[in-house]
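Shared between the two complexes below is chain A, which pairs with chain B and chain C, respectively.
Let's turn to the complex of A and B:
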């Protein structure tokens, strides 16, 4: 009888998530412009993607993005969280400051970076230019466009990890920290032998979520460069969006979405295995 | 007691039916508060005054209107008056029975004679009229008249003169072309349109659009290489990817930091603001071509149609009829230039307010005359199918940044065009 309590949420889940997801998976094997009737084309969408250099560029960019986000914000977050743990006074104030970028709507953050920081006319780079320090706008160069977008997103994102890690660090038993201090551990020894092992499950979870979210990244790329210039900052989700809404090729967009989900599923499987291994311990 | 109650009920019922109006829905894109005020005053109030018994409701859906429309029309729950995003959408929508034929209304409101024939052709699918353009536009060359006078420069008429003048401007430290695509990547298509029409010529573009010659033909290769040459010489600012091609570009032109601005007639809405502020005088001419005759590449912004699922088709047609009159053209055009340039065949009844830039009225009259004579070019966003035009926008950056050659770029455009042509996605191309 108590199983019936699951039914309402299950209905919502099925209608809003499961059915559209199933339809998207199906659409990946059709050709559809969003207006007329879909036409079955088998694996032709995937074949098209295999031969499409823009797709491979987008996939490479997603992998670069994942690598960046697995290292930089996690490292910065851990460092800041540990320092806040040690210097308790003022930690609330710093938490608020670090968390602020997350609260601001991504569209606004992206526009501010585009118009007030990176712009060589109206932004900080323009100001530096007028003082003689010539720096080109990273968003306009093929080699640096993706990194320019990544810097804006990193600024926006790292505070979130910092707050999560700080919460996790506070859960580490005080006795262990005290014991290490008493035995004369330095800051780095404290981190390596007591704190990091203590919050390993949180770090693992954040890494898996970072992998999943890195393949979903869309808003900063779309607003700052729209995948340009010359496809250099294209990612899988901007490719899917453009295919569906500008090229009127919904089947191709569904195929790209399927590939994005594949990476997410692989990451989730890894996470579940790690979790299962921990439970066995 | 019961008697009183019944009388009250009957009275309310009668009053209700007296107030009953047929309501017409119209979804519009973006409009700032001033513009919404003009729509309220001129379109809604004006229409309702002239057509008692009909009420008009306008819903502002923003930049994503076309995507919302597509989904709404699929489920039959869209608006009555449909603002389709352009001729390339008319074919698939008409094909799927989402639009109502406008033929009977064309008879009733006299559109067959009152609208320039080339636009009637563009709104047809399979011989039947489904859409009328809200505004038609072209691309030309804006320039800073004051700057030209100060330096003794003459307005270029041929491409050779244009390039010579641009070189002089570069030497003087002035940006030849004020342009940028930071907020609207689609700005790229303006310059490809110019290259294709001014260098390759409208006849060749027409032949390619109907599939007679491939897009990889020699005239187009020359056109793209010319455009690439302009980029490499530095005519487009090195900050092209950082500049906003609308208001910021206009500001750079007005303040004399740039000398010329190849852009469309939609930019007239920004001319008064920035040129008045800078205290300089604007100029506008058709874009130079090889032989000196200006080429007016024709563009259609959005189109009006009636949804097949509408329950007030006569009302919707009346709204469209109200818009396609010289009176509405004068009233709306006096306030809001560039966006409500309906292709009326007879502009003699149009009287613009004195506050309107004479430059604008003159430019529109020139355009109407050229189109009437059949001498016009083809903008890529109006005449190319969606995926082809989309690649055109993104791919030209690859050419500019030396990632691919002009030939490879055109080969990919040709491949996209052929596959979309096979799927019937190419819009109606009027015969020359």
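Let's turn to the complex of A and C:
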């Protein structure tokens, strides 16, 4: 009888996510402006994307983004987490500070970077430029816009990974650590042969999540550059959003969304297997 | 770890950790510093100390971002989302923790899958469907969207709390003649209440800060959330950055205070599901 307790969750979830997701899959094969009757067009939305340079730019940017986020924040997080282990003293303090950016709204973080750091008028880069360092606003350059956005997102993200890695490192069985110590392992050997293998499952999970999230990135790009200049920082999610709400090409937006989901799906299968294995135990 | 690290290693360690603290705090300090400055001084030098503290930045931010209204909107939306997520998720988590998981695999897999689904996968039909039903600019509808998006996370977290409750406790209550509902309400909920508090904090944080859904579904002037109102205020390039940073601080400050007071709960809740070992 009390299995009915899952009903409210399922109803909300199915109405808000499952049914609209199924409709999105259908819409990818229709031309629709959001108002009139949808027209079935077969694969032409996908053909349109295939020939669309902006789409390829966006896809490439998502791949660059994934590469960046698989390396830089995970590296920074691991480095800081192991150092916190060495430092011992003050690890709570470091943990709280590093975690701060993740609790600040993305819209605010984005504006602080835009106005206070990158801006040529009110930002630190502008100030340095006036001192003759010749720095320009990365967000307005075709070659650097994506990286300018990524830096703000990295700042907001790496500390979260650091805190997770630190928690995992502290769960590595103490006997293993002591045993390695007794045998005279240096810290780097300890890291290489005991600690890193010990937290490998956590690192793997974070890498899978990074891949999934890298294809969902939206807020920072949408707020900082709207995908510009000249689509140089466009990603798939902003392309889909703009197509649906600005160009009223909902079918095209649905096709892009479907492609985002396909990229996520492989990672999602791994994610579910890891999470479910733990739940079934 | 034993005390074998050399002085050199320790020095390098603290230098690197210190640099990372500097990197983390730098933008936050800029926000605070410039929130207190007149606009002209922001332009002159964003790093300089304010020559006079301009509290009126906050007054003007409050006025222009219409915080009396928008903060209230955010608070109501956040409150509704917390209530919805906590009630529906604790019910589901209880069942998922108690039933033999085999028969609930499908539910669990489905919920895990939706946590990784891109918002764009359901956003467009949802938006046009809501538009047809007259649900745009309706905060209750948005609370339901948030609760669909956030509840899988809440369920997985709460499930671990329910799992920690000894089965005997529940069985004893059932033998005493309590109904399942009474067991859930009178026995289980009080025991897992720390978990529910953690979930409430984190879901509250997420809804308070959320941008994409809020900006899509709540567009009329009197329905904007504080974050979206800040976004619109700061989008104007001629604007006064002293005022904008003051507005940012008004939104961030309550969250930071709460975080510093309850940091253990925040960190364990947000990082909890992610540590595999």
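As a working rule, the second predicted complex is superposed on the first by the 261 of 281 C-alpha atoms of A that agree within 3 Å, B and C clash if a C-alpha of one lies under 4 Å from a C-alpha of the other, contacts with A are read in each partner's own complex, and residues count from 1 in each chain.
The criterion applied here is as follows: contacts are C-beta pairs under 8 Å (C-beta built on N, C-alpha and C of every residue); 3 or more make two chains touch, one makes a residue touch a chain.
If you're wondering where the values come from, they're calculated on a predicted model, not measured in any experiment.
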First (chain B), second (chain C), both or neither touched by A:253: second
Partner chain in contact with A:107 - chain B first, chain C second, else both or neither: second
Chain B versus chain C as contact partner of A:83, first or second or both or neither: second
Contacts of A:137 with chain B and chain C, given as first, second, both or neither: first
Chain B versus chain C as contact partner of A:24, first or second or both or neither: second
First, second, both or neither for A:230, with chain B first and chain C second: first
When both partners are placed on the shared chain, which of chain B and chain C touches more of chain A: C
Touching partner for A:64 - first (chain B), second (chain C), both, neither: neither
Partner chain in contact with A:121 - chain B first, chain C second, else both or neither: both
Which of chain B and chain C A:196 touches, first, second, both or neither: neither
Common ground on chain A, meaning residues reached by chain C in one complex and by chain B in the other: 34, 121-122, 245
Residues on chain A engaged by chain B in the complex (per definition of touch): 33-37, 114, 118-122, 137, 139-140, 142, 225-231, 242, 245-249
Footprint of chain C on chain A - complex, ascending: 1-3, 5-6, 8-10, 12-13, 15-21, 23-24, 27, 34, 76, 79-80, 83-88, 94-109, 111-113, 115-117, 121-124, 126-127, 155, 159-160, 163-164, 167-168, 171-172, 177-178, 181, 187, 198-199, 201-202, 204-206, 209, 212, 215-216, 218-219, 222-223, 237, 240-241, 244-245, 250, 253-254, 256-258, 260-261, 264, 267-268, 271-272, 274-276, 278-280
Residues of chain C that touch chain A when the two form their complex: 1-2, 4-5, 9-10, 13-14, 16-17, 20-21, 23-25, 27-28, 30-31, 34, 42-43, 45-47, 84, 87-89, 91-92, 94-96, 99, 101, 105, 107-114, 116-129, 131, 144-145, 147-149, 151-152, 155-156, 159, 180-181, 184, 205, 208-209, 211-212, 216, 227-228, 230-231, 234, 241, 244-245, 248, 251-252, 255-256, 259-260, 263, 266-267, 270-271, 274-277
Residues of chain B defined as touching chain A within the complex: 67, 70-71, 73-74, 92-93, 95-96, 98, 182, 185, 239-243, 248, 386-387, 390, 394, 397-398, 400-401, 403, 423, 425
